[in-house]
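Presented sequentially are two complexes of subunit A, the first with subunit B as partner and the second with subunit C.
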Partner chain A sequence: MEDLISAIKKVLEQVDVVLGWARSEAAGVAAPAFFHTPAEAEGAIFDSTCVHNLAVHLPRLADKKAGIVAKGCDARSIAQLIAEGIIKRERVTVIGVACPGVIDVKKAWRCFGFGKRVSDSGGQVAMEGKTVKREEILLRKCRGCREAGPVIRDVTVGEVGKAPAAPADPAGIRKRFAAMSFAERRQFWQDQFSRCIRCYACREACPLCFCRDVCTMQAHEPGWSGGATNSSQSWMAQLVRISHMAGRCTGCEECERACPVGIPLMLLLEEQNAVVEELFGYRAGSGTEAKTPFLTFDVNNDSWEQER
Partner chain B sequence: MIGFFICQCGTNISATVDTGKVAAAAAAMRGVAVAESIQYTCSDPGQATIAEAIRGKRLDRVVIAACSPRMHEATFRRALERAGLNPFMLEMVNIREQCSWIHSDASEATRKATDLARKAVARVRHHTPLLARKTAAVRRALVIGGGIAGIQAALDIAAAGIPVTMVERSPSIGGNMARLDKTFPTLDCSSCILAPLMVEVKQHENIELLVNSEVDDVHGYAGNFEVDIRRKSTCVDEEKCTGCMICQDKCPARAPDDFNAGLGSSKAISIAFPQAVPLIASLRKEHCRRFNGNKCRLCQKLCPAGAIDYGQEEAVLRRSFGAIVAATGYDHYDWKASYPTYGMGMYPDVVTSLQYERLLSASGPTGGRIRRPSDGAEPRQVVFVSCVGSRDESVGRPQCCSVGCMYTAKQAVLTREHIPDSQAYVFYMDMRAGGKDYEEFARRAQTRYGTLFIRGRVGKIFPRRGKLVVMGTDTLAGDQVEIEADLVVLATGLDASAGAGELARKLNIACDRNGFMTEEHPKLRPVEAASAGVFLAGACQGPKDIPATVAHAGAAAAKVIGMLARGELEASPMVAAVTESRCAGCFKCRGVCPFGAVEKARLPDGRPVARVIGSVCRGCGICNVACPPGAISLNGFTDKELIAEIVEVLKPDVGYRTLDFG
Partner chain C sequence: MRFLREENIPLLLHRLSESATVWAPQVVRDTVNTVLFSPWLEGAEVETGLYSMLSAKELVLPATERLFSYRYSQAGGREKIEINADAPQEQAAIFAARACDAKGLAVMDALFLDRSGASYNDGQYRARRSGLTVITLACTTCDSACFCSSFEKGAAETAGSDIILYPATGGYLAEAVSKRGEELAALDLFRDSSLEKPELARTAKVELAGLGQRLFDIYDDLDFWRRTAEGCLSCGYCSYACPACHCFNIFDEAESDRTGGRFRCWDACMFYAYTQESSGNNPRPEPAHRYRNRLAHKFSYYPLNRGEILCTGCGRCIRGCPAGLDLRDAIRAVRAR
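Right, the complex of A and B next:
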């Protein structure tokens, strides 16, 4: 923790603000924190309760110089934001941290009771005397983590470098889903989206959904999706959002984590990411110079006609 | 109030579509005040019917179900305008190419035409009046390339009083035509008819000639291009050089002779050929002794004009142009790697057709006497092989070079004229002699000049006892043929000239699968490139002979003159527009725009938003797709219009709920 705090203090000498985590009084896990001064930085922590992808705040800090504490998955989002020109590389200082994987808060609360404060030490997640192994309540993305460390980082805290050998579909969800018939899948999504309350937490948590106030999910004009909270319109709205993520989603799973009604959005996104990777050989967030397939047009490379 | 007019197009449409029935169905659609079936809508009486209805029924929008909008949209827009309506309050439905011509079942075709009509009526309700914008245009044209195409285009544009800058990358203009000996089918001397035009370019008061120059970068848009032109360093002051050739005579460094297609040799400092325009020397540093560690300064010492400047540096000029003509021409295909059975260039007496032109030419390395390269002997048996790198799927080149048959016939004729007791053989695939007097000429090559034409491909060429054995098939006789030749001439196919692809990228225009620049429409817009203000002249658009090149270049010049004559350009209003209040400022649109039409702007509150430069936008709609919040839309193709269409067309059978995932 001292390494992290001193790294933040050092970075603070050159930037206006550093995004990180602090112990929260109210929430069950760590809370995102903005450190402006070395004194504030004393409260910085990093452990498996630091679930949030802080890159979501960067587009709104585009006019400031910002530092950010980033896990491997967060760094991908930052890289993609830079590749798309949403934020500038020279304005962001990335403090890459070695990440043990972060916990699924909903699972933790199922173990310890809703809203309880959870702490993490030495591979054991604990609360008021009860403990559980960290591995047992990790988020799905962490169980399938392929990151060898943050793809971009200016400062590194902890030991990073080796990519964990993780299964591609740790919970077997995609496999189970692929076995379903078209009618079953349709029914599945109808059921899932019937719970949607159109709170747009998915969008707010997504670091690459930067449209915010002008988001098409809420637009009456031209109105590709209606605004009602019925399954069909919520589904259409979400599909519009997901199609906007094609070739951009870095798989940070924030949308699914933020969803208060537990719609498995990553199922759709993971499928789409797999298709993009297969067709274009592109994984979002791989680098700051990468060209996102659907956001690139070259009149001389428009070779679909030749390939047929 | 919507007017609906359906065209019978004689029987083109009415034979399969019951136009009366469609009109009756349209009459019942919401907002339709008039629905009529007209025999020929595009005719004067047809247009009069529409104008009358617009005035009489106070229509404010019109749907016309007829042919492709490509055909007559402009016609009907003008008709609307004459009747006092905004021309963009028109929606056309293609029920000919996309309905009557492709269906045979009359009732099904009528049903489809009705569906398409309903879709158009739904869409036209969302049309808004659009106004064409005008922008000032720079009255100067850039011609890239100084071959016959560029020369013709430049002279024609300059003759209309519009200043022209011609950029040529080699030291002289003239291009490939300057290297040809005679031209088919009249056997005019090529350089005799070209040289006066080259001189005219040099002397024309409206033409600025920049040789040894290349287009570095192109910015801007139709009417206002900013072009960076790189002037290469040749160590010769163009103003001072008189073309006396003393430097060339005395230069001790040998260098390859590009003008003579590699036959013979030249000097490190040289004038490409005697008729070069401008007649100035240029120095090739890679072959010069001084630039390769020696102390030689011979040319500088001997130059009577003091024109040699070893320290001359590259310069980049920036110029403004209203229009650009690409006239970059062609290169001969490099056959060696693809035809191992022809010796891959190992046999000196297997030459290309361009090399043979130089052997025939009086200004060539042999002074116009045909001498084979290996031993300088006069050949008696000359074999011509057509379609080397043309029409040959086995080397991945299916295209026809379009000139090979004729220039081969010409070279066979010239062979007999040069060496009366010689015999020419031509291996050909098909004799393509489509031009005026071409067939007669090709026939004369056989009858009067005794050329033997053998229909078939050559399988192998190999040396035997000082001769080259050409083995091929005579497909008409169904037999194998073996000819002992003294010289073999390969009619190599044509490629777009080296660097054409790179230039096309700078000009934002596309190239086809063979590397030639793509015109906007293969029949109706043959000289316009897809980028506004860029025109194509000659073989850069596809292989052409000289008459076709001259005609093509003249057409390109006419388009440039037409565009720049008025001093201002009228741009289509069907371009992208940004609803700034809904723009997230992510500039995805800027990233995908093929034309550089999107710029960054700031609202008074400091928020960055995208802004479309209307005169650059070509209305392709790619930005619409890329825009996440849907803030950018294409005038005349708004999401609202498209949604209305989709909803309408899905209504009867499957219903809106399908789109809605219900």
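Right, the complex of A and C next:
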């Protein structure tokens, strides 16, 4: 932790605020923290409970110079934000960290209860004498993680260079979903979205959603997706959001983590990301100069027309 | 006091389900430990180890409810509109609500069912509430997000409940706290008991005294509010999970060009659109303004106006906040300011 704290202090000399994590005394795990002073930075931590993607705050800090502690997956979001011109490269200083994979807090609650102080060393997560293998309670995205290190970083803390070795989830929901008929899939999503309460935590936790306050999901005139939360409306609203993420979603899983009613949003996004990668050879967040497939359309150079 | 044996719980749920929809905390299928109050079906497992992500308020104030439906028709060459008001008639029972959930219902009763007649007496709410039986599971343990002990009665709160089940060896001690609760306790599934009530959970505390005035004093200190709400993503989870938040919006929705209805839907003051005026002005443009409002409405405006704090210490807004914010930190910061 010493390396991280001194890195943050150093970066603080040049920026207004550094986004990182500190221990939440209530939750026992990490909570996002805004470090404005070296004294505040003393509380900085990084471990497998640092689940949040702090890149979500960068567009909101557009008038400030910001530093940010970033895992591999978070760095992809930062790169994509820069590539799309949503934030400026020169206004952000990235402190890349070596990530052991982060845990699914709800799995940890089941093992330990909420608010037990976590310690994490050598692949074992422990709380009050109880120990669980970190691998068993990892977030889904960390299984089969492809990040060898933060794709964009100005400072590096720890030894980056290899992705955490957790096998991909073999009996996952995605596999089961692929075996369903279209009618079954339709029923599946009707059931899932019947729980949606339209709290928009998915939207607000997404670093790449940028409409925010003028979101189509909440527009009144015209009321594209209505105010009444019925399953079809909520499903439609989410599909609008998700289709706007094509070629932009970096798979950080924050929407699904934020969802209080457990709708498996990543099922849709992973599928879409796979299609974009297959068709365009593009993974969102690959670099700051990358061009997102759906942002390259040029009305004067319609190659699709020509190819036909 | 009466006693309910553990193995009689499914029988009780079955008995209740003969005349009502029984809601109980259950892990949602296909999810990682997402617990919600949902309709209980025979044989389903009730989850009492983890707290539900949402409170019990949807039973009296659903996320969406239709107030009336309309239909246009032609009669004698003239356009006619027919309006049918919805009158909820559901009988429901909630099993294993917590004292904080039940208290939330009592807080909302005071608002929606103002018996003095001074304000509004809401027919839709009244219909749902009068058809609801509340079976509360008393907390002998708590987690670190819980803070009901900050309030006078803490985990021993009985407001809003009909019957309270206290964990005991081999089952539950049952204490009726309403007439409906007495009828339940009289069922043959219960037997008399002379056992003592167990010691209830003592949660973390946050000092709330004087907060009402304090929030007024620092209202204009926008730098403070920006700092306090710094990590807030401005989603509506905390409001929607809260047993005492009750804001709603009204939407008219067409189903076809001739039919549709009017709906009452949850709304949250954390949303930008909540205070968006048709002029284009928005008096609460930043999350800081909205966070200030949410806190001040709960701990200042409402208690000063109506004598009740809009919080029951359930801790959901802490447990489930996607940004890891802790309401108690904000309260402490306000006091320290």
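The rule is short, and it goes like this: the second predicted complex is superposed on the first by the 287 of 308 C-alpha atoms of A that agree within 3 Å, B and C clash if a C-alpha of one lies under 4 Å from a C-alpha of the other, contacts with A are read in each partner's own complex, and residues count from 1 in each chain.
Heads up, the rule we're going with is that a contact is a pair of C-beta atoms (placed from the backbone, for glycine too) under 8 Å apart; a residue touches a chain by one contact, two chains touch by 3 or more.
Given the structure is predicted, the values throughout are model-derived calculations rather than measurements.
Chemist: Record, for the superposition on subunit A, whether partners subunit B and subunit C clash or fit.
Modeler: Because the two structures are overlaid on the shared chain, the partners are seen to fit without clashing.
Chemist: Return first, second, both or neither, reflecting whether A:Cys142 touches subunit B, subunit C, both chains, or no partner chain.
Modeler: neither
Chemist: Give me the angle at the C-alpha centre of subunit A between the C-alpha centres of subunit B and subunit C, rounded to the nearest 10 degrees.
Modeler: 120
Chemist: A:Val92 contacts which: subunit B (first), subunit C (second), both, neither?
Modeler: Neither partner.
Chemist: Applying the document's definition of touch, where does A:Gly223 land relative to subunit B and subunit C: first, second, both, or neither?
Modeler: Both partners, subunit B and subunit C.
Chemist: Which partner, subunit B or subunit C, touches the larger number of subunit A residues?
Modeler: More residues of subunit A are touched by C.
Chemist: Once the shared chain is lined up, is A:Met236 touching subunit B (first), subunit C (second), both, or neither of them?
Modeler: first
Chemist: Would you check which partner chain A:Asp104 touches, where first means subunit B only, second means subunit C only, and both and neither mean what they say?
Modeler: A:Asp104 contacts subunit C only, not subunit B.
Chemist: Check the residue A:Pro32 against both partner chains and state whether it touches subunit B (first), subunit C (second), both, or neither.
Modeler: second
Chemist: For A:Arg212, select first, second, both or neither according to whether it touches subunit B, subunit C, the two together, or no partner.
Modeler: both
Chemist: On the overlay, how many Å separate the closest CA atoms of subunit B and subunit C?
Modeler: 6
Chemist: Taking the two structures together, which residues of subunit A meet both subunit B and subunit C?
Modeler: Correct list for subunit A: 212, 214, 223, 226.
Chemist: Taking the touch rule as given, give the residues of subunit A at its contact with subunit B in the complex, in rising order.
Modeler: Those residues of subunit A that touch subunit B are 84-86, 210-212, 214-216, 219, 221-224, 226, 231-233, 235-236, 239, 244, 294-300, 302, 305-306.
Chemist: Using the touch definition up top, name the residues of subunit B that touch subunit A in the complex.
Modeler: Against subunit A, the touching part of subunit B is residues 501, 504-505, 508-511, 513, 530, 581-584, 586-588, 591-594, 622, 626, 628-631, 633, 638-640, 643, 657, 660-662.
Chemist: Within their complex, state which residues of subunit A touch subunit C.
Modeler: Residue list for subunit A touching subunit C: 24-28, 30-34, 52, 56-57, 104, 106-107, 109-110, 113-116, 173, 195, 197-201, 203-205, 212-214, 218, 220, 223, 226-230, 254, 257-258, 260-262, 264.
Chemist: Subunit A touches which residues of subunit C in the complex?
Modeler: Going by the criterion above, the answer is residues 28, 30-34, 36, 49-51, 53-54, 63-64, 66, 143-145, 204, 230-231, 233-237, 239-241, 249, 251, 253, 263, 265-266, 268, 271-273, 318-320, 322-326, 328.
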